[in-house]
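The first chain written gets the first letter, and so on, giving A, B and C; residue counts start at 1 in each chain.
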Amino acid sequence: MPFKKAVFIVVLVLSSQLFAQNKSVVFQSDFGLKDGAVSAMKGVAMGVSADLKLYDLTHEIPAYNIWEAAYRLEQTVLYWPAGTVFVSVVDPGVGTNRKSVVVKTKTGHYIVTPDNGTLTLIASSLGIAERREINEAVNRRNGSQKSYTFHGRDVYAFTAARLASGTISFDQVGNLLSNEVVSIPYQKAVKEGNLIKGNISILDIQYGNVWTNIPAEMVQQINLKYAQNLSIRIYHKRTKVWEGIAPYCETFGAVAKGKPLVYLNSLMQLSIALNMGSFADVFHVASGSDWSISVNAVEKK
Amino acid sequence: MPFKKAVFIVVLVLSSQLFAQNKSVVFQSDFGLKDGAVSAMKGVAMGVSADLKLYDLTHEIPAYNIWEAAYRLEQTVLYWPAGTVFVSVVDPGVGTNRKSVVVKTKTGHYIVTPDNGTLTLIASSLGIAERREINEAVNRRNGSQKSYTFHGRDVYAFTAARLASGTISFDQVGNLLSNEVVSIPYQKAVKEGNLIKGNISILDIQYGNVWTNIPAEMVQQINLKYAQNLSIRIYHKRTKVWEGIAPYCETFGAVAKGKPLVYLNSLMQLSIALNMGSFADVFHVASGSDWSISVNAVEKK
Amino acid sequence: MPFKKAVFIVVLVLSSQLFAQNKSVVFQSDFGLKDGAVSAMKGVAMGVSADLKLYDLTHEIPAYNIWEAAYRLEQTVLYWPAGTVFVSVVDPGVGTNRKSVVVKTKTGHYIVTPDNGTLTLIASSLGIAERREINEAVNRRNGSQKSYTFHGRDVYAFTAARLASGTISFDQVGNLLSNEVVSIPYQKAVKEGNLIKGNISILDIQYGNVWTNIPAEMVQQINLKYAQNLSIRIYHKRTKVWEGIAPYCETFGAVAKGKPLVYLNSLMQLSIALNMGSFADVFHVASGSDWSISVNAVEKK
């Protein structure tokens, strides 16, 4: 019946449109934007399916900095709709036996990446629903088998595009692995009596402010009031790098110029700054998995 | 009648497609591209509607530089089709009582922004057709009400996406305000007798050339000829920063290396440069609302 | 018959969709991302057709560096699907008599550019199927004729958008020219007896490594083994800038810190580096059409 056929086609158009509307790939790397590497990845994705929508997280991850790649994913993934496919290529171990994987988070986001620690924070916050190893026998750009492979382009972008476009199902990525992603050890935010410990996750680099993973809720548990002093210790690995006292402030101007303060940053996490100065520069504090902090309230007298 | 229904669906597909084709959002900010802020804004927009097309103006506005944000909008908006929605987030006053608005220009472009001066130049050149205050009771990302709000993501990107996608009409942004946007005072280009006054709008930063808002037409009114000398005075607020003589030139090579010249830049506006040097660096000249210039032709003898 | 009409419309929807799915434009320039120039180009393209998909190659080509523009195209074009339209605007000769052209490569890619050397490498690798001069009488943004023209925006982006969207056919770009693009002379990779000569195409700028255009296959022809020494001479124009001996290595760690080595880079081309150092900085070596290299194996004793 031709009429049914027409309706069928209409439905097909409608449904393919609906399906197409989730076909987003978001790219992250340490490639920078000065050469053609990012564009080559996007070209490969477009070659898989012209229906895809391609976006960037950032390509300015410092070279080989897996921790920062993990942090940027953590900062961003949840703001995208479920079904979005992320590609994260910070891959100092290319050519070694690190696994190439796709994970599906419990929130329904996909991340295509070398499993080298990039998933540390997402696994902890969103949770991993499934992890699969990319079967490069099928999920690899045609013609890229011989000689050199640029994995970001030939495997990760290609597989992400196939998954996002529905060319393959998640099952077809490759074999199911355990949900245990490779994790970089770091100090989780914990309250031990009156002491709060945490990690220095990242610097607010433009201003030299120090951002921790200690949430506002934990700060509330020690009944901290504005203007109350905190005793602070900052460690790199086991070495104490800085120790001092600073008040908990609502605004930077609550302390004199050049003085330290504690505040909640834009992610509602405990942070440390110098008013009109760079805490990180002045006190040689950096960020990453091996930087930690402990704070406790100094009782008001 | 099933047939009518099929046609209806077809028409729906067609019209939704036509409608979708104007669904562009262009983002500007001072966030830079090193972290996840821009990507989070885009993720929120995609969560509103996967039909949207997301673009960037620039995210390299110097931190808190409202004037430059205003200038980049002025430089760009009119080249986009009417109906395009711009988001501009340079917001030093976040948390103060600056209003969050959407304006519709007389050319049919929309701009979502804190009303803090960002609209100064667009209001003057394109004109404001309507200005509405964003009603954050409805135009705010779900779940962002509690504790901290990243306005660029939770209010501006979200509202822009709703507007661009047709989820809300312009009326539904919020209450109508007067058309009087917050304007930063600056020296408009004026001819007073033989004297032309203007603002130093921006530096051509790569070369250190000084760009003014004085249009070619005004230069023609004083019958300036190539090689004719101009007497120039540059002011920061009320202080004279530089004073000198330079010829009006068609090419930089018309003066000796290191010598100043006056020329029309790529926007057909009066500009000042050093041949093979940086006028801005050498003479400590910057740009912005508080920089002004006056020139007059030196009569040929 | 209304039914046929419905089917016709359906087919129209389907085919216009299929057609729309190749409508990609990829932009490259030396404009940087700090101002509104790139966004203005994209706005003009969107004004031509909202169906287009707009991407970036890079906008960080060093100012006026035609060679590097040529290299980035060479590095990228082939990874995009046939039918993709590239716009490359590195145009030191704007206002001179350089031609504005669109070429179709033998692989079915289109490049819109001033014909000033940008096509040197693509012409050699992919081959030119057709070259046409842009007829600016028709292929120019409305209203841009008077006074100043920003060619990247008013001619190149506009023409690329018209071509990519099917508004014009390739024939309608303008008159057919010969296939002989303007080429920058450079040392092609050649084997002359036991000597291999080539060009220093680019620096791996982040690390200061020197990349040549000498392919792995040519290295194989001289039966080079890992650890075998090569005698190397580097020239700028006719002047020898560096001469030395370095071993052919699989990994950087095969030589002591600060020592030179020869390796195959990620494009499988002969490259030179210092282990943990910048060969380019230490020995004042740069890249471009006027930099060349010659190497020969030093016989093992």
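In this section, a contact is a pair of C-beta atoms (placed from the backbone, for glycine too) under 8 Å apart; a residue touches a chain by one contact, two chains touch by 3 or more.
None of these values were measured; they are calculated from a predicted model.
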| item | value |
| --- | --- |
| Same-site or different-site touching of chain A by its copy chain C, using the half cut | different |
| Cα superposition of chain A on its sequence copy chain B - rotation in ° rounded to nearest 5 | 120 |
| Chain centre separation in whole Å, for chain C relative to chain A (CA means) | 32 |
| Residues of chain B touching at least two other chains | 3, 6, 10, 13, 33 |
| Touching residues on chain C, where the partner in the complex is chain B | 2-3, 6, 9-10, 13, 32-36, 39-44, 46-47, 50-51, 54, 63, 147-148, 150, 153 |
| Residues on chain A engaged by chain B in the complex (per definition of touch) | 3, 6-7, 10, 13-14, 17, 21-22, 24, 26, 33, 53, 55-60, 72, 75-76, 79-81, 84, 205-206, 216, 264, 266-268 |
